Structures are given as C-alpha cells and as structure tokens.
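What follows is a group of structures, each given as structure tokens.
Two complexes are shown next, each including subunit A; its partner changes from subunit B in the first to subunit C in the second.
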Partner chain A sequence: MAATTEEVPIGRTGGSPGPGVPWRVKLRNDSRLAAILFLLPAVLILVGLLGYPLVLGVWLSLTNETLAESGQFVGLSNFTYLVQDPVFRTAVFNTVLYTVVSIFFKYILGMALALLLNRKLRFKGLLRAVFLLPWVVPTVLSAIAWWWIFDSQFSILSWIGIHMGLIHHNINFLGSPWNARWSVIAVDIWRGTPFFAISLLAGLQTVPKSLHEAADMDGATSWQRFRHVTLPMLSGITAIVVTFSAIFTFSDFSLVYSITRGGPNNATHLLATLAYQEAIQGGNLSEGAAIAMFIVPVLFAVTLLTYFKVSRRKW
Partner chain B sequence: MSRDGDKFPPALHTSELARMAASGVSRRSLLRSMGLGVGALAAGSLLSACGGSSAGGAPKVVKSGPIEKGAKLKLLRWSAFVDADQTYWDKHTKAFTQKTGVPVSIDWETWTDVQPKAATAAHVGSGPDLAIAFYDTPQQFPDKLIDLSDVADDISKEAGAWFPTPQKYGQSNGKWIAIPLGANGAEWNYRVSWAQKAGFSEFPKDTDGLLEFAKAMKTDGHPIGLALGHAVGDANTWTHWLVWAFGGMTVDSNGNIAVNKDGTVKALEYAKQFGDQMISGVASWDDSNNNKAYLAGQLGATSNGISIYYSAQSDAPDVAADTMTAEFPIGPVGKPTQFHQISQFMVYAYTPYPNAAKEYIKFMMAPEQYQPWMVASEGYVSPPLENYTQDPFWTSKPQYTPYRDAAKNMLWDGYSGPMGIQSSQALADYVVVDMVARAATGQQSPKDSANQAAAQLKRIYGV
Partner chain C sequence: MTHSMSVDEKVPNLEEESGGRFVGWMSRIGQRNWGKDPEEPEGTDYLVSLPRRVVTLWLPLLVFAIVLLFPFYWMVLTAIKPNGQLLNYQKYSPLWVHGPTLSHITHLLFHTDFLTWLGTSMFVCIVATAISLVVSVMAAYSIQRIRFRGSAMVGNLIFLAYVVPPSILFIPMAQVMINLGLYNSRWALVVTYPTFLIPFCTWLLMGYFKSIPYELEEVALMDGATRWQILRKIVLPLAGPGLISAGIFAFTLSWNDFLYALTFISDSDKKTVPVATLTNLVQGDVYQWGPLMAAALMGSIPVVIFYSFFVRHYVAGMTGAVKE
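Right, the complex of A and B next:
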C-alpha cells in the first residue's frame, strides 16, 4: 500500500494510519494513541503511588513478614488475631469516635462560620483568610503547639483557669484516657472546621436569592428558609465535603501521633497510628498492614455511597 | 497489523467508548480500571521482589582491609540531649576525616525516629552506611549487618573488657553485629533540701524506703514524677526496673511468657501505691516532660539521665546546687535490676564502604576520642568498657558517680529471655510501660493488667 500523507481527521476511527506514515503524523492523527499517551502519566502515578502500595499492603497483611524474616502466606490469621486483640478494638473504637464526633462538630461550626462569612461584613477577605489558617498551617506544627497548650504542667489554659479562680490545679488534658480523646478531637475540629466553612460558603453563594425572597414573601421565618431552602440546596456540596472529611479523619495519623503517640495507654490510638507502631517501630510489617487494611473498605464504602447518591442526586 | 495499544490494557475504539458512556461508565472510571489493571499485572513480579530478607541471622563477614578508595560515610545518630555531646562528636568526626580522607555526614535524628529509620533502611537495603540505634534494634535484622567481631576485639584491647549486658546486646550467635556506644544512664535526681525536710538525709536504698520517700515528698508539696507515656527512654527505664526489682519478668530464660506471675503482680501492686504519690499527668509524659517539670521546681525527684543536672547548671543554678543523684534502689530480689537505654553502632551489609565504617567506629571508640567526649558530655553516656569507668571524671563530682556503672549493672530488654525481634517488638509496643501505667493509674487491677500484657506477649513471641 502506498504511503499517504493525507491526514485522518481527528475522531475518525477508520483504523490506524498505514505503514510508511511518519510517526509524528501517526501521533497527530491517531486519537487512540494520543489518548493513551495523555493517560499514561496519570496511570503510572496511580499504579506507582497508589496501586502498588495497596496491592503490596494486601499481600503483606496475608503473610507473617517482619523486618527480619521473609513472610509466608498465613491467610487471614492476622485479621483473626486483631479482631480479638483489646488494643486493636480500642483503636477501632477511637477511630470511629474520633471521626463521627469531629465531623459532626466540624459541620455545625463550619456551617455557622459559612453563614457568618456570607453576610456583608467589613474586612470580609481578611476574615476569610484568618479563619482558614488552622487548615492551612501544617498539621505537625499546629499539633506541637496544641501539645504545649495541653501540657500537664505548663498549659496556658490551666494557667488562665487557675488565675481566674475557675480551677485549683492543672487540668490533666493528655494523661487521662478520656481527656486525651476529647483533646485530640477538639484539635481536629479546630483544624478541620475551616475546610467545611469555605466549602459551604462556596455552596451558599450559589443559592439563588430569588428562592429566599419567594420564601420570605410566603411568610417563612429565618429558620424555615434555612431548613427548607438553604439546606436542600447545599446537599450536594455537603455530601462531598463530608466524604472528603470522613476519608481524611478516619485515616488520620499526624495529628494524633504528634500529640500523644497513641497514649496514654493506647487510649488515643487510631488505626493509622497503631499500624505505624506495629509495622515500623515494632518491625511487624504484616500485622501493621492488616491493621491498615481495615481502613480501606470503610473509605471505599463511604466513597461509593457518596458517588452513587450524588450522581443520582439523592441527597 | 499490531496496535500500539497492545502494550497496554486493550485500547478502546471511540464507538466502544460511546457504548460504555451510554451504559454509565465514564472515562474517569475507565482510567481507574486501567490503572488497577496495570497494577494487577505488575503486582506479580513486584511482589516476588518484595520477599523481604532472607531467612537466617548471620551477619555478613567482611574481611578487614584498607579503607575503600573514594569512601564516604553517612551516619544516622540520635540527636544530642547535651550540647557538648554533639560538639565533641562533630569535632572527632572531623578529625577522622582529616586523618583518613573519608568524609562523614551525620543525620541527627529525634529519638523516636531513629529506630524506624534504622529498621527501614535495613529492610529496603538503602540508606545510611551506619547507624547508632537504641536497645536491641540490631537484633531485629542481624543478617542485614556486617560482622564487627574484629572491631570489638580491637576496641577491647585498648579499652578493657566489655561489660556483660552490652556484650549481650552487641552479639548474635557469638558474633558481634553491633558495637555498644554506651548506656544513656538514668538514675534518680532529687532535691536535697526537700528530701531532708521530708526526713531523708540520703536517698532510699530499697523499694520500701522509696515508697515512704515518695509519700513524704507528696505530703510536703514536692511530688515525684516519672514518665508513663509512649516515649523511648524514661518510661521504659523505670517500669522495667520496677518489674524486675520484684522478681517479675516478661519472658523467662526458657522463652516462656512469665509476665503474669507473682513477681510482676507484686510490682504492679507497688506501682499503684507509687503512682498515687506522683504529680498528675505522668501518663502523658514523654522523655522531655520530667526535665521541664524538675527544672521548673515542680518535682521533688525524678529519674533521668545526667542531662537534667547538666541543664540545671546553666539554666537553673539554684536547682543544680540543690540536686543530688542516686542509683535506683534495690528491690526484694536483692540485686540491682537497672534498665538503661543502650545505643550501638551497626554497619549495614549494603554499604560499599565497610572498612571505612569499621575504622570510623574504632576511631570514635578509641580512648583519645571516647574519653574527652564522655567527660565533656558530663557522663551522659555510661561506658560499656571497663577502663573508661576508671576515668577520674566519675568521682570528680558526687552527682556523676551514680551514672558510672549504669552499663555495668544494667539488664537487657526481654530479661531473662533471649534478645531478638520479639523482645524488640515488645519494647516498641510499650507492653511493660502500658502494663505499669494501667496499674499505676488505677485503670486496671494489677492482675488484669499483667494478664493483658501476657496476652500481648504471647502473640509477639508466638507461643
């Protein structure tokens, strides 16, 4: 077949250009090849940084590999042990508590902040920037600052309380199991509220004023307008924000590790921090991987639920 | 005619894409499935490359010889708690470079990051050439290290015999896999004037006396404080001392779990009474909290390295003038049961410069370097070799003397069982620290706390 220099229009899929055609022409004219080449970097990144570690993690969780010895396949014995282990069960409880309570308060406070910032305020831009700071500051830095704020001897909060006569001795923020739990949850709420606020603010600004005006003309109160106009209009963005926050919070590591390292006595261990302690500090790679595997189906389920609900506009 | 897409998961014609789009499959979901598909294809070969270390625990034997041409070393070391430690270490490292032409770069790591980084380097086969890691980290992966038996012998010729426990830490199956640098000794630091006011002219020598001391100090408003948080040094030191002082142990010499026997339960009953005398918040303390509290005058006594006294001399001279140190008291077992944070040089088998690494270790452990460094650090590291304990520095001030024999008197983690990856994991999981913490804070009864620790250890030791 004679080589042709005629260009094949983009989108036509009458087959690849024939032999003898320069590769540059092939590349320009073959949309399938171009599609593959454009997708290739993303695929390599997904495979290299997500797919491979995930598959390796699954494999490790099914073996008894440690840092010292190569692993043999042991089936589900790591998982069987973990569900009976009190420390693991505590970590599961902590993770669920941490996620549910944090998201609940982040949503409430984020919505309040969004409603406030949506009003006509002086220095609105500056206020928005300031309120974003907790989310923007690197987690470890803010965690270290909070570690000082919660110090059992040198807490600024205890100092203020004692000098105001509200308390008579230092508060044991991080030395008592439940105090430590509420303390790290409070820090996560502080850190995550701006994300909710800024996202909900964006949603608020897409709510048509005419809907509010119509409701007002029908005699709706502020609460009724919020309940029946604003909230339904924000359902889509709420679903997305809650999903993202659930993923980040459920798999959180750096905040808790920086403040308590999972203590006191495992009272603040999340699945991620426990997995790190087992795998990296303890050398038990397989058990650490198994702990981490418990995170995956939960996040997968949350993502799928949100995907299907949003795509079918069921929120 | 071959398609370019044959090298990848099957490329799709536009018509096929259109059918998929109509069925609800978007390009985005296609990308996801392609990514997973490629990942699955690659997984087989990649997994086989991730088989971890080979079985067997023998270190790599490297015949001693001249320093490799073009050698340069990277050392992973724990960060200094005492300024002079780093000053002298850097100075001697520079002297080594001037003598041998081998540049040495040092990564000064926070204590909690040393073990994971050292272990990860061993596992992936890449990283620093040598590391100074804590406790029995080298025992986790002896086959990833080089045999340092010749180095240990050479050092001993100049500096005297190795003490028993450091030697135990450094050896695996009779071969040296690590060279102990020494023990970051932790002994009691207490305020003399407050102790005298409480009726104690000297620090108690037994555990009964220690409990009375703690009660009296609390009554006077100067409580003691010992860390019970998840930190590498202080919490491990005193909780292991306590359990052993009453005859308890995690594992016996036959490798059986022994933590839930009488000795441990008695230790935990003592811990409950002892914990009631402490300042609040100790369950959250890491290695720095007791230093800060003591220097601020909030503690009557604590256990710590010489760093508290070292810092007090410059930052709180009135506290330093009133501070004395003492060894850990003896428990009902009638002999010292101290536990200290030992650190050891180890050289990775993957290093292209094993002889350079060996020469560096010998240089830093030689009397001309080790002794000035030890003295300048004011005894922060207790030496693992006999001759260095005879340095007049140790008796130049009464505050230094209790730290002199820390490496000599110490026991090992996992006592009295063998050292290895199990003892290392038990330490990393804070099994003993948490067991004592649960009892000391009243969270669990001594018996229940010991039983919970036993269950954890059974899993770790595989029994």
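Right, the complex of A and C next:
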C-alpha cells in the first residue's frame, strides 16, 4: 500500500538538484537512513520488552519454573493439569460470562446514552465531560468505592433498597458466588458504558444529516431511521469498539482483584486474577504463565477481526 | 453546516482582536469544555413539545447521571464524614453529612505515606509519558511521513502491539525485571509503561501527522533541511493538538496501571497510589472507610484535573484512536 508512495509527494515538484548528487537520489538515501533511525528506539523497546516477554511467557508455560528456582521443559503438562482443575474451569466460565454479559449491556446502554447526547442539548459539552468520569478515574480507586458500596453490613444500596421498601434485609453483595459475579459485572458495565457512549457518539456525529432527512421524507419512523440509517453507518466504529472492549474485558484484572480478590472461595476469579494468584502470590510462575496463555486465542481471534476492519481503511 | 462552522471559527479571532489575548483564551476554554456544541438539532427535533422532551430526554439523562456519578458522590461524602456518622445509619441519614471534617484527609496526608506514593506515581507517569512521546513522535513520523518500503506493515504491527494486554505479559515481565535487577524499583515501571504507551501514542500520532500538508515538507527538504529539522520545526508545531491528546492519554493510562505496579513493587515507600491504596490502607477486618475513600478521592484528583483541562483533546484522542 505504501511501498510506492515514497516518491510520490517529493518527485512531483521539480527543483534544482544539490551540488554533485541529484537531489532525488540523495533524498531517497537520506530518507531510508532517517526512517530506520527514527524507528529504532520504538522497535528496540517493543521487541525487547514486549516481543521477548511474549515469547518468554510461552516458554515459561511449558516449564515447571517457580519464583524460587529455574525449571525444566515439561511439555504440555501445565495445560493438561489446568483443564482438570475446577478452580481454573470456574475462572474460564467467569471470564466468558463477565465478557459477554458486560459487553452486551455496555453496548445497549452506551448506545442509549450516545443517542441521548446526540440530541439538541444545553450543556452538552459539560454532560459529555461528566459522563466520562467513570472511565477516566483509575479503575482501582473507583472499584474501592464500589467495594464500600457493596459492604455486607453498611451497604448504601441495601439501605436505599430497604428505605424504598424494595427489600427487607441487607443484600450480601459479595458474599455468595453469584451475587459477587453479578456485582463485579455491574461495576464493569458502569465503568465501560461511558467509553461506548462517547465512541458511538463520535460515530453518530459523522452520519450525514441528509440521510436522516431523506429517510424522513420517505416517511420512515424514528425506529426505521435508527435501524436502517444509523446502525449501518455505525457498523465500523461498533466493530472496533466492541473488539477493543472484548480484549480488555476478557483480560481484565484490576476490577475483580480490587473488589473480590477472586473470592469468595475462588468463585469469581478471572483468568488474569487466577494467573496472578498462582504465579506471583503462589510463586508458581509456569502455571500462572500457562493460565495467562488461555487469553491468547481470544486475543488472536478478536484482533484478526479488528485488524481486517482497520486495515481496510486507507491511511 | 458550513455556515455555522465559519461563524464559529470567527468568534475567537474577533475576541482576540478586541479583548486581548486573555479574553480570547478564556473564551476558547469556555468553548472547548462547556460551550454548546455547534451541531444542529437532528431533523424534526424542534417539533417535539417540552413535556415530551422532559420524559424522553432529560429524565433518562438524569437516571444515567445518578447511576454514573453516585459512586463519586459516595466517595466524597465518606471522605468528609466524621467517624461518628460513618456507620450510624439510624441516627444520621447516610446520604448527607452534618458538620463535614477534613480529618480523614489530614490523617491520610500526614499519618500515612500517601504523599510519597503520590510522588512516586507522578514521577513514574511523567517520565514514562515523556519517553513514550519522544519515541512515538519519531516512530509515527517515520511510518507516516518518510514512508519507507514496508511502513504500512510496521504501522499494523504497532497496532497489534497495542492490543496485547498486560495480563499476558506481567508474569514473564516479572522475570525480566528480576534479571535486569529492577525488581522492586520505580524504574521497573518507567521501563515497562512505554510498552503499552508507545503503540498507543504512535498510532494516535500517525493520524495527526497524516493531516499535515506534504508541500511544507517538500519545500523544507529542497531548502536542505534534514528530516530531524523538519520534524522539530515543521511537523511538531503543527501536530500540537495531537501531542497534547497523546500526552494526556499516556499519563492517564500509566496512572491507571495496577497490575505491573502490583507485581513489581513490594516496598511500601515505592508503591504507586492505586496499589498502595489497596494494599497498604486496607488492613485487618475493620476497614478504615474514611481514609480509604479520602485516598481514592485524592488519587483520582490529578487525573481528573488533567482531564478537565483537556476534555476535548481527551475525547479526540479516545475516538481518534478508536477510529483510526
């Protein structure tokens, strides 16, 4: 795509060559060197601290290395052990549930909020800025606030519920596996909805008004306009937002670690929190690395999807 | 649309001429953050009556606002509630505070290591952001403007690097840090953060560099400027908004990091704010909710201040990164 563009912008304009060497040749040689020199720091850092650890992670998952001592190649035994481990199976189940449910709601609620913010509004800029706060504030810090909101004895949600006559006893939000799962999912939806909303809003603002006007003229209802004009125009940005969110929700760590630390009884672990517990707290590096490897296939599938979506765009 | 745009562009200029620089600047700040967006209402919106508007627009917005902002209200409220009211829901309504106190905040500032943690976070995030910006500017310029053979592929690889989550990397990275002798050191974070900041910033800046006219560079090249000079004197000044977006985003991304900081740092005085808040302030079974919420609040404030100054750049960065 870019292979031939090298000469296009420069070769177009004529000009006097420098002394001796024709300037076009000089320029191209200069450019190659410059291109390499400019890229070098980024490439060195990314290969050394991203590429290498990635490969090392794969290697670790095939050994029996611990934090204390170096290990040996043991083949796939970490993986065969893991697939029979009930805690690991629960973590896989949780991760899938967490990702699917929260993305579904983040999309629905984000779209609703985006449509509201796209209307003619006073204080639109202020509202947009304020609604983004859950996304901006560091996850761990807002998660601690949620942890307090979910307190077993002094939960403000329980208090409000009791006062409104909706419930009669405190809800033990984090006490049982299913309560805890729904609670962390709710917090993730809370945190991610603004990201969906603002991204979709940016998409909405690029939909040409003439399309809506034309649909209006043809007597389309507002639902039909949404379904047949807005949604198709948003398909690109939706695909990208969903895939991004899928990657970072599937590999999430902070939120669940802050609120439940995987408890009660290892029932709310995600892959990342379980990997941390095994590798860093338990010192079993290789098993932790093997758990983290299970994130890769999903990452790969999802990335390929975005990759084709993105690289179709001309840049 | 074009009409309203052109009017909009004229406003700050007029004010700058009549009211001097400061007024012009203030008005632009006003427009940037809180002003009404120049977009026109959608289609038939003007036909919708007021009561209907309240029910279909303002009521849902109010519900969103309450749900999205309540945790912050609760955080602030807890941070300034005297201990006597904190858990006594019978006598005092928990949703309000009578006689707010700063004691939790002063306790946090003067009887814990919070200021040290804040300093560490600042140091790590600023250094990592600075390094990443410099490296990314060069990389993005190289990929987008010099356009060597294979630059498209490098661009896509950088994009792929961005989507590798820390959850996959932190275990081998811990080993790398042990081998480098950086384990339990702030420098471990300074070295690690660019791995996710550089791909992001590069990708974002590529979009901004694309919009700079080639003609400017051509002229400079023919006048004998080197690529380095062109980057510094022509491209960078024109890519200002892009740099601000990338910088803000990089800062908030690194401030937000939890996993690496939790994994690499164990000494209390070297921890970052999010990690220290969760691991040092939470002790025993009786949680000190007052100081804890004060810490959550104080730890959020730098990011929120930063963000509120540059909302538009932040949103542009976010949507730009997603769209590009």
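As a working rule, the second predicted complex is superposed on the first by the 279 of 315 C-alpha atoms of A that agree within 3 Å, B and C clash if a C-alpha of one lies under 4 Å from a C-alpha of the other, contacts with A are read in each partner's own complex, and residues count from 1 in each chain.
Note that in this section contacts are C-beta pairs under 8 Å (C-beta built on N, C-alpha and C of every residue); 3 or more make two chains touch, one makes a residue touch a chain.
Quantities reported herein were computed from a predicted structural model and do not represent experimental measurements.
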item: First, second, both or neither for A:292, with subunit B first and subunit C second; value: second
item: Which superposed partner A:138 touches (first subunit B, second subunit C, both, neither); value: second
item: Contacts of A:280 with subunit B and subunit C, given as first, second, both or neither; value: both
item: Partner chain in contact with A:260 - subunit B first, subunit C second, else both or neither; value: first
item: Subunit B versus subunit C as contact partner of A:167, first or second or both or neither; value: neither
item: Which partner reaches more residues of subunit A (counting touched residues only), subunit B or subunit C; value: C
item: Partner chain in contact with A:154 - subunit B first, subunit C second, else both or neither; value: both
item: Touched partner set for A:39, first subunit B, second subunit C, both or neither; value: both
item: Touched partner set for A:175, first subunit B, second subunit C, both or neither; value: first
item: Touching partner for A:81 - first (subunit B), second (subunit C), both, neither; value: first
item: Intersection of the subunit A residues that touch subunit B with those that touch subunit C; value: 13, 15, 30-32, 35-36, 39, 42-43, 46, 50, 52, 54, 56, 151, 154, 280, 285
item: Complex contacts: residues of subunit B adjacent to subunit A; value: 1, 3-5, 8, 11-15, 31-32, 34-36, 38-40, 42-43, 46-47, 50-55, 57, 112, 115-116, 119-120, 122-123, 140-143, 228-231, 279-286, 289, 292-293, 296, 298, 420-421, 424-425, 428-430, 434, 437-438, 441, 443, 452, 455-456, 459-460
item: Subunit A partner contacts - residues on subunit C that touch it in the complex; value: 1, 32-37, 39-46, 57, 60-61, 64-65, 67-69, 71-72, 74-75, 78, 87, 89, 94-95, 134-136, 138-139, 141-144, 146-152, 154-156, 158-161, 163-176, 191-192, 194-195, 198-199, 202, 206-207, 210, 214-215, 217-218, 221-222, 224, 226-228, 231, 252, 255-256, 258-259, 262-263, 273-275, 277-278, 287, 289, 292-293, 295-297, 299-300, 303-304, 307-308, 311-312, 314-315, 318-319, 322-324
item: Touch list for subunit A against partner subunit B, complex; value: 11, 13, 15-16, 30-33, 35-36, 39-40, 42-43, 46-47, 50-52, 54-56, 59, 65-71, 81, 85-87, 151-154, 169-170, 172-177, 180, 260-266, 277-278, 280-285
item: Subunit A residues within the subunit C interface of the complex; value: 1-3, 5-6, 9-10, 13, 15, 18, 23, 27, 30-32, 34-36, 38-39, 41-43, 45-46, 49-50, 52-54, 56-57, 60, 112-113, 116, 118-134, 136-142, 144-146, 148-149, 151, 154, 156, 159, 190, 193-195, 198-199, 202-203, 205, 209, 212-213, 216, 237, 240-241, 244, 247-248, 251-254, 257-258, 271-272, 275-276, 279-280, 285, 288-289, 292-293, 295-296, 299, 302-303, 306-307, 310-311, 313, 315
